[in-house]
Structures are given as structure tokens and as C-alpha cells.
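Which chain is which? They are A, B, C, D and E, in the order written, and residues in each are numbered from 1.
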Amino acid sequence: MNRVVPVLTVLTALLLVWYVGAVALNAPWARDQASRAGDSLTLPALVHATMMQERPVLPAPHQVAKGVWDGVAGQKITSKRSLVWHAGITLSATLAGFAIGSLAGILLAVGIVHSRVMDLSVMPWAIASQTVPILAIAPMVIVVFASMGVTGLVPKAMIAAWLSFFPVLVGMVKGLRTPDRMQMDLMHSWNASGTQAFWRLRLPSAMPYLFASLKVAIAAALVGTIVGELPAGATAGLGARLLSGSYYGQTIQIWAALFAAAALAAALVAVVSGIERVTLRRMGLAR
Amino acid sequence: MSAALPLIAVWLGALGLNTWIARHRGPIPAMLVPLIFGATILILWEMACRNFAIPSVILPAPSQIWAAFTGNLPLLWGDFTQTILKGALSGWLIGAAAAVATAIAIDRSPFLQRGLLPIGNFVAALPIVGIAPIFVMWFGFDWQSKAAVVVVMVFFPILVNMVAGLKATDALARDQIATWGASYAQALVKLRLPAAMPFLFNGLKITTTLALIGAIVAEFFGSPTRGMGFRISTAVGQLNMPLVWAEILVAAIAGTAFYGVVALVEKKVTFWHPSQRQ
Amino acid sequence: MSVIEAQGVSLTFQTADGPVHALKDVDLTIGKGEFVSFIGPSGCGKTTFLRTIAALETPTEGRIRVNSLDADAARRARAYGYVFQAPGLYPWRTISGNISLPLEIMGFSKTDRTDRIARVLDLVELSGFGGKFPWQLSGGMQQRASIARALAFDADILLMDEPFGALDEIVRDRLNAALLELWAKTGKTISFVTHSIPEAVYLSTKIVVMSPRPGRITRIIDSTLPHERPLEIRDTPEFIRIAQEVREGLREGHSYD
Amino acid sequence: MSVIEAQGVSLTFQTADGPVHALKDVDLTIGKGEFVSFIGPSGCGKTTFLRTIAALETPTEGRIRVNSLDADAARRARAYGYVFQAPGLYPWRTISGNISLPLEIMGFSKTDRTDRIARVLDLVELSGFGGKFPWQLSGGMQQRASIARALAFDADILLMDEPFGALDEIVRDRLNAALLELWAKTGKTISFVTHSIPEAVYLSTKIVVMSPRPGRITRIIDSTLPHERPLEIRDTPEFIRIAQEVREGLREGHSYD
Amino acid sequence: ADDLTLQLKWVTQAQFGGYYVAKDKGFYEEEGLNVTIKPGGPDIAPVQVLAGGGADVTVEWMPAALAAREKGLPIVNIAQPFKKSGMMLTCLKESGVADPKTDFKGKTLGVWFSGNEYPFLSWMNHLGLKTDGSPEGVTVLKQGFNVDPILQKQAACISTMTYNEYWQVIDAGIKPEDLVTFKYDDQGVATLEDGLYVLEEKLNDPAMEDKLVRFVRASMKGWKYAEEHPEEAAEIVLENDETGAQTIEHQARMAGEIAKLTAGSNGALDEADYKRTVDTLLSGGSDPVISKAPEGAWSSAITDKALQ
């Protein structure tokens, strides 16, 4: 409850800035139109004109809200014009990619912390892998998968996984190395095996790092999926929706899809945060 | 099947060699192991391209890529300055500064924390692909719009880590500084910022590579006729895959170097953290 | 003039398996320049009481006044130096850096800081270790560094939670003597938690005996020893009598569980 | 039969501002069932020596054998329980969970674990606190929990680094007696670091006095006290004589700096 | 039925109406074909999909196809449903561009890349304008997916198709009289668009050849139907659009414009058109798109049989 007031305050401030921005950015166009038509606009008329454009440079909040509302509530969920339908498609690939990516990140981190060969050899190449501009090779990934007969969700999920494994890897390596000397020594003095020290010391210590990384990773997975949806032939999903909106200069549609994607990302991050809070409380780490 | 056998043989051989070298301590094995690992991948790649006759428009062999790399150095250098130095680096610096400042602002005020963080999460989660065309519209075709994309892209990861870091001090240390009647700013500078450094660097490291991706990808949505993203999309259209991969090679070298520098600074700054002490 | 005044202070921690009554109805007045020791079984609330004085905990009942201010205002006025039970040194600063920290916060000049650091390092016998990092020191050395840190800025009130627990008898004797000397010279008010009966008797003008579950004061023993205290005073009958009284008080506390 | 054997052990730490000679030419043999106390000024290498025995540090010179194995092999054979100078409890586990941890690692059954936890909690007078988290306990209670953890799995060798430093006299006496009883009953070999001369004399069959810079053994005093030791033994002339000898040894060590 | 995959050059829209009509009206089915239509996108290089085995036939523009052929990827034009080019450069009148020969110098022009830049480059070659940013040439912008650069006045001219982007500019509120357009066709630099291409080796396989014959026959039937019923074609396209972003007005108009481009083609490539395309690409200064006249880049084998 004590969140409502602050959130609303910030929201109001943001909306205000947004409206001002919308007027400022859309005004040249409105003036241009008016002067082409041979008349000039009074200030109220100008403001009014900036709120009503069909392809505004920056759509006003209420236009975006209407776009989202039409996309969410104005259609049957199974309709191709429903944002829910597109979001569902994006979500499934995001979750699959996130699962694969974070699992890979965790496993690699475990390997790196326990094996010197992996520590020395994997990390530089994991970094290099992330510098490969994904949009550039995404079409190739899709082409290669397609030539193996795999299409649909899997190629997108692989791109999502590609982007999401790295934050998890970096965070987990740091987290798994966080236990201080005395804690490691205790384990040592009990002759705990690597596995035991992992489950009982390294992993619990790494939890705060892990969750910070997972939050980044799930957002990254969504970006990856959307990127994957662009060259995937732009058939369905929020990415395709963004692209087609962009292609036809439908700014309102872009922003509506953008907000749907951001809402999805925020929801996903919130879910991870929720799991984090429960887990850390269970572990007694959150006081 | 028989085409795969030599590949497996090479892979096993390299693995064995590396395992043996890794038993030795010191800087030379530490250099050697990743190099051998990388060399193995390259050899396997080259062999795969030849043995399976993979067409170069799908996947060029390393030797072809290298030829494209050495043959186009001035071009690649121009793209590098445009995309990495102007787009990625400036965006990363601005984004990181903004994220740290926001984290501190949020941390300072519980009101903002409750109000801004959820909305901040939301705004920062706007996918770049949607933002890029808008930013091109707002900030023009040149590197400024790319930097803006990078700012948005790196902001969230750094913010998340920095907020976590500012919460990371233990109760004793906080009590300690309270007894000295430290002002908020003093507690921040002397205690909480240093304690947050391991987390901050976590975020900074993750975003070095994100910054590159952002700058390159943003060029797909409109650019002048130079830059790595421009070159890649153009070269893909021309089926000049070796040049595409040469650009990717540049990105990989730049990204690894960028990451390496940040990691080096991290080592200097957080020398006291158990993960650095070992 | 009373410097610290506790009236009907109670403090209850709410934990998952029920409330813990760490302090119950504690009344205590500490005058200016007094040296008060707290002694009592482990878990009886000594640390909690010191923390309450320092405004690190808020009493659930009653109130604490320090220098006629409420505790938190006194904290902001930098009224005291606190030595915690654990050293709590910052790993990213050297020993000198750690001692320098509160001085920086309080705005001492660079040269003044250097002087003070050298002086307190010498006092706790750590000269030459200023450049080391905390994890390069032994347990006792870390504890001494943390004492040095609290002494460096010359607060009027010192709150010390088992400062000499990890030190051997001989260093401890020397530091006891140094502390007494400092106290006599500066007229500081000192609250001191210890587990050693001789130490409590040797140092204090007043000894507060506490007992657990709920944590409360069971005896307050005023010392009749003179202000001037050579080490040999520990063999006088007066000393032994007071020690005996404290021991009895302690024993009573223990018989409760 | 010798259980721990150190021959010419030296250990030097390399730090940014030069090497620190934590141990220099240490020779020591500890027989089966002995109770050896280490005493010496802060920073003289007691902790370092215990860590070397436990194979947590590798000597730069000389060698250590435990149970005729090298130290690391003995560690792998789970030859000892180690009580560190700081409690080092895991914040994400309750007290019971902390004690249970080494038992889980060593593969004790669930019921066995529950029994043992109850027994050692009782031994250190913490029954009823098993469900609390470490930060909900006082300093002394945390220290006792860490002792309980090391006792729970019944290792043949106990390495204890100032286990009773944060406890009051009365609990300390009781735990001293309990430790002696445990030792007599089980015939464990115990290496024990303390700063208290009476404690060292009361508990030990052999007292090792160390001195710093470089850390080395200056005296080894064999106790002539009988195995059976009521608390009153502390007033016997024999006890006082040995204590005096230890005190002299300590003083010698201090005169070096 | 025999399976066959068609890779489009761009997203689902009336530009590809003929294929969707053929599928929807059952023309493919009648020929015993089961055709999968894969939409393209800004970063799909159709020839690459072809090389990777992701499709059997692709829709591509001839300049890109010939350039790919010169890069060593043997692809062959088997049919040419589009007779005319729809490409043009659309300029704001206020930017002062009236005559391409004199007015482009120093202006900023928006161009599509990813293999679509060849016609533009050869046109500039013809005009003797440099495109590398040197002062006596033009400044080239890589144009994104939309017509923003002209609306935002970031460019004097942008690339448009007669059937699509041009109307987006109009829809955005700019009056036709405020615009100047230059069709590639009118400038004599037109190149062939939207042909059907396969890998050369496929033609050596009689079974595959037979499939392609049936495919081209059915596709042309679809195209001719679409030409006559643009409204219906637009509706069919809309049904097949999974993004749900298209509007019927825009697609119907597009179908009408496309009909103008397909009119006059029966599917067979006109050798004269081919020659003109090759000449355009070969000609011009220092940096021609292709360096020598290609051989075997088209084949009438399929259309000969399909059109009997």
C-alpha cells in the first residue's frame, strides 16, 4: 500500500514530461501541415493538433494507452491483432531461452570455479561470444536451424539463451568465489568434497549475486527473443509487431508493442524478484 | 561420419594438452591455455568447413575470414571508430554514470526507491529493437542515436547491480559508521560505495559486451554509410560473408579488450574482495 | 552531573520463534567522568544495552538520555567512541586507513590525522603495522586496531564492548594501565563490558552486574578503591573483597538458568 | 605415540611491504591424549601454527606429520575438529543447521545428527537456541555455537583457537570442566590456544609459550599436575608455581619488542 | 502432394499477392503441390536461405541475384512475374531537387542496403556522382524500415516503391504536389525485380524440374487472378499476415499498384529486359556492381514447359 503514493507521484511526473515532450516533438509537423494548408495555429490549437496525429513522432500517453487497450482488450486473445497473442508467443520463447541460458551460465560458472582449465580457457571466449552482434548472425542461426529442419520457437530461444547466459555466468563466477577465507577453511577442515562445499557454502553465498544476474538475464532473454523475431521472417510475436509497426510508420503501434514488451519484461523481473525474496528469506539472508 | 573423425581426434588431443598445461602455475600457462583452446576451435572450424564442404555464404572458413580482415584494414578501422569509439564507448560511459547516479538517488530516498524502481525497471526493460528506430528518428542517423541506444541498454544491468551493492554492507559496518555520526554522504563515500564496488563491476563487466551489441544493432535501423552494423548488414546482402565475419572478429577483439580493461580496473579497485584474493 | 541516564529501559526482539526480552526495566545513571563496567553471563544484554545508549537500538519502553540529549541526537553530535565486540575493520583500507576513517568523517586535518594515527597505533602497540590490511593481522591485532580507531578522535564518552577479550595477560595489563591513565588525564566517561572480574574491579568506579532472561541489572557495586591504581592494588584485601562481591553477583545471575 | 610432529617448521607470508616471518624453526611433538596449550603475545603465530597443523597453511620450510600422515592426508581423513578464533557461523543456517553442517558432510544419519546436536548444544549451554539464526545471538553465544559445531563429530584431534575468549568467568569455568571431562573420557588429543594463564595451567599437560617476530617457541612447560583436576586445584602451590613459570616465559617474549 | 518452400523477399504484403492467391485458391493444390510460403524481413538475405537449404525457390531482385552469382553462388532465374520496376526516388520539392543530372550533388539520399543498393549505385554511376561521401558526390544514408527520413527532413530524397513507401509518405500527410519522384524506369536504369530463383543444380533433377514447372504455372495463374481481383487479393494477403499489422486500405491500394507492374508478363523472362538490367549494372565508372556479363543466370526451361 505504501508503494502506491510514490509510484503514482513518479508516474504523474513522468506523464507530464511525456506530454510536454509529445507537444514539443510533434509541433513542427503540425505547424508544417498548417502552413501547407496556408494558415497558422494558435497555441491551444497547436497543442490539440499534437495530441491527435495519426503518425506522431512521439505519441501522447493516451494514444499509446488506447493502442495497448485496443491490442489487449479490443481483440479476441487468439486474434492476430491481439497483443496478448503476440506476447504469449514471445513469452514462450523467452522462458525457454532463459531456462537454457541461465542453466548454461550456472553450469559454466561451476566448471570455471572448480576447474582451472575451464577458468583459463572458457572465460575469454565467453566474453568474445557476447561481442558477436547477435542481429548479424541471427539470420544465419535461423538459416542454419532451418536447413536442419528446426523452425519456430527453438531458434529464437537459442538467441535468447545466447544473450542471457553471460550475465549469469559472470555473476555466478563472482558469487561462487565470494565465501571468505574462514568459511572455506572450515569446509576444508571438515574435508568437505568439492560438491559438498558447493551446495552448502558456495551456492548459498552466491545467491545474492545469482538473483541480481537472473534479473538481468531474463530481461536479456526477452531482448534476444525479440531480436530473433525480426529475421525469423517477422511472422508473429512482439518483435514482429514492432517491426511491422516500424515498417509502416505506425508509431502508435510501435509504442503499444513496446509497452507490452516492457510490461512483459517488468513482470518477468518482478517474478524473479519475488522468488528472490522468498528464497533469501527462507535462507535467513534477508533480514 | 568419417569426415568427423579427424575433428574429434584434434579436439581430444587439445583437451589433453590443455589439462596437462593447466597443472602448472604461473603466467605462461595462464596465457597458453586460452590460446590453445581458441586455436583448437579455429582448427576445428577450418576442418569442418573443408571436410563437410560448407558453402562460404553460410559459414566461411577462418582462413577466408583472416584474408578479409587483413585485406580491409582501413575500412575496418573506420567502422571501428564510428561504432565502438563514438557509439559504444560514449554511450557506455553516460549510461554507467546515469545508472550509478540513479542507484544512489534511489537509495537515498525511500520514496524514490518505492516510486522509481518499479517504473525504472519498466522503462529500462523497453527492448532496444523497438527503441533503436525511435532514437534514430530523434537523434539522427549518426553515432549519437547509437550512443543513446547504448545508454538505455546498459542502464538497467548496472542499476540493478549497483542497488544490490549499496545494500551489501553488513550490519556491523553500518552501526560502526553511525556511531561516528557520519553524514549520509560520508557513509556513502567511505563505506557503501567501496562495499558496492564488487557488485558495480559485475554490472560494468556484463555491459561492456552489451554496449557493443547495442551500438552495432542500432545501425541496422538507419546509419551513415560506415560503421560495423552498417557493414555487416550490407555485406550480408552482398553475400560477402568473410567481410561479415571480419567485422565480427573486430567486435570480438574490441569487446574482449574492453572487458579486459574493466576487469583489470576491477582487480585494482576491489583487491580486498575474497574473489580477488583467493 | 549525569552523562548517561536510562529510565525503565526495556527492549524486546521479535524473532520467528517468539519474543526475546533482551532488556527489562533497566534504570541506570552514569555521571561525568565515571568508569562503569558491565559484567554478566553471556547473552544477558550487555551489548544490547551499550547499543541502546549509542542509539543503535531503540528501546521498546523507557528512555535514554545522553548529555541531556536523546540518544540519537547525541550520536549525531558525535558524543562517543564505540569499540564493537568484533573488530569490523574495512577490508579495503589499511590499518592506518581504518583509523583515519572516523577522523576524515569528523573533518580532522591531514597532519592532525597523521599525528593521531601514530599516537594511537603506539598506544595499542601496533606501530609498524599501519600499512597492513586487516586480513594480514592476527585476531588480537585486529581487535587492538579497532580500539585504536575508537580512541583516535577523543570522544567524551567511550563505549567499549569486551575490547581486551582476545589479548594475553601482559598486553592486557599494559593496555588496562594505559586506559586508566588516559581516563585520569582526560576525564572521559567510560562504559566498559568485560568478562574478567579482576579487570572490572581494577578499572571501574562502578560495576554493574547483569543477569539474563530477561536481561536486567541485578547489582550495582560502587568501588571504594582510590583513583590512583597501581597494578599491585590487585593484591589488596579491599580489591579482593570487591571482586568477591562481583563474583557472588555473577553467580546469582547464573543460578537462574 | 606421537600424534602431531612438527620439524623445523617455518612460515613466511609475502606482503606488499615485505615478508612477515609468522613461524621460524618450530619443533614440537604432541603425543596421543595430550592436552597442549599455546600461549603468547598477540601476533606471535599461534593461529598460524594451528592452521599449519590443520593443513590450512603450507609451511615454507620443515614438515608436519599428523597420525604419521602428512598434514593434508590427515585433513582428508577428517582427523580433527577446528574451532576458529572468530565464530564463522553461516548466516543462512540456524544454530542447529550450523552444527549439523559438518555432520551432513561426513554422512551422519538424520537421527544421529539430531542426537548429537542436542547433546553438544546442551554441553555449551545453548539448549533452546537451536532454531535461532547467528545474528540473533550474542557474541559469547556465537562462540559457544562454534565450539559445539567442532565437538559434534567427535574428531580424535581438537584444534581450538581461543574458544572461551568471549565468555564470562563462570561459564568459562563450567566449560573448562566440561572440556576436561570430555578429554578424560575420550582420550582426545587437544591443541588449545588461550590468553589466560590460569586456564592454560588448569587444562594442560603441556604448555607451549611462543614469542613474536619471528614467531617461535620459547618454552615448553610440562605440567606436573595430576590428571584429576577439581577447580580448587587452582589454589595449590604447585599450580601457582607453574602459572608463575608461564608468566615469566610470556614476559620474556614481550621484552623482545 | 509434393512439398515446396518459397522464400519471400519481404514481409507478407500484396507485393507477393500472386503466391498467396495461388495457395488460397487451391491453384497449387490442383498442381499437386504443397507450398509453404516463408515471409522475409529486413535482415533476411533470400539467396542465403536458398544456399542454406531453407527454401527451394526464392523471390529476389535481379541485381542481388547476379551479384550473388558472381560471388560464386550459382542461382538461376526461372521466371519473371514482374515486368516493370517499382523503384523510385522520392524527394521533397522544398529540397530543391528537380533534375537528377544537376541537383543531386551535395544532397543527402536515403538508400536501402542489404543487397537492394545495387540499382541506386548504378544509377549514381550513370550520373557520375560519387557515393563515398566525397564533396562532389552525394551523402548516402542507410535508410531503415520506414519513410521517417523524409518526414523528419533528415534526407532530401528517399527510396520508395511505387506500391508501398510512396503511399506511406502520402498517408503521413505530405501532398503529392509537395513531392518530386524519379522512377528508375523513367531514368533508364530500371532493373528486374521480384523474379523467382533456384539453385542451378535443382534444374538438373527432372523430378524437381517438374515440380518447378507446376509451381510456376500455378503461381502465374495466381498472379493473373490477383491482377484482375486486386481487392480480393488484398483480403487474402491480410488473412495470411500473422503480425496483424496490415490494413485493408493499404493492401488494396498496393495490390492495384502491383497489378501495373505484373501486367505484360506471362512469367517468362524477356531477354531484352535481362540485357537492359545487365547493361545497367555493368556500366558506370570505376565501381560497377558486376564486373562481367554473367552466363547461365537465367533459364527458360521452366517457363517454356509451364506456358505450353
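Going forward, contacts are C-beta pairs under 8 Å (C-beta built on N, C-alpha and C of every residue); 3 or more make two chains touch, one makes a residue touch a chain.
Everything numeric in this text was worked out from a predicted model, so none of it was measured.
Looking at chain B and chain D, the chains that touch each of them are A, C. Chains that touch both chain C and chain E: B. With centres defined as mean CA coordinates, chain C is found 50 Å away from chain B. Look at where the CA atoms of chain A average out and do the same for chain E: the two points lie 35 Å apart. As a whole-number value, the distance joining the C-alpha centres of chain D and chain E reads 84 Å. Among all residues of chain B, those that touch two or more other chains are 58, 133, 137, 171, 220-221, 233, 236, 273, 277. Chain contacts: chain D has residues 86, 135 touching two or more partner chains. Chain contacts: chain A has residues 57, 135, 139-140, 143-144, 147, 181, 230, 243, 246, 287 touching two or more partner chains. Of all possible chain pairs, the ones that touch are A-B, A-D, A-E, B-C, B-E, C-D. In the complex of the two chains, the chain C residues touching chain D come out as 13, 15-17, 20, 39-43, 46-47, 85-86, 125, 131-132, 136-141, 144, 161-162, 165-172, 195-197, 247, 250-251, 254, 257.
Put simply, chain A touches chain E in their complex at residues 29, 33, 36, 54-55, 57, 79-82, 86, 135, 138-140, 142-144, 146-147, 230-236, 240-241, 243-250, 253. Those residues of chain A whose C-beta lies close enough to touch chain B in the complex are 2-3, 5-11, 14, 25, 57, 115-117, 120-125, 127-128, 130-137, 139-140, 143-144, 147, 163, 166-167, 170-171, 174, 177-181, 208-209, 212-213, 215-216, 219-220, 222-223, 226-227, 230, 238-239, 242-243, 246, 251, 254, 257-258, 261-263, 265-266, 269-270, 287.
Of all residues in chain D, those touching chain A in their complex are 51, 54-56, 75-78, 80-82, 84, 86, 88, 90-94, 101-102, 104-106, 133, 135, 153. Of all the residues in chain E, the ones that touch chain B in their complex are 42-43, 45, 47-48, 51-52, 64, 67-68, 71-73, 113-117, 131-133, 139-146, 148-149, 152, 154.
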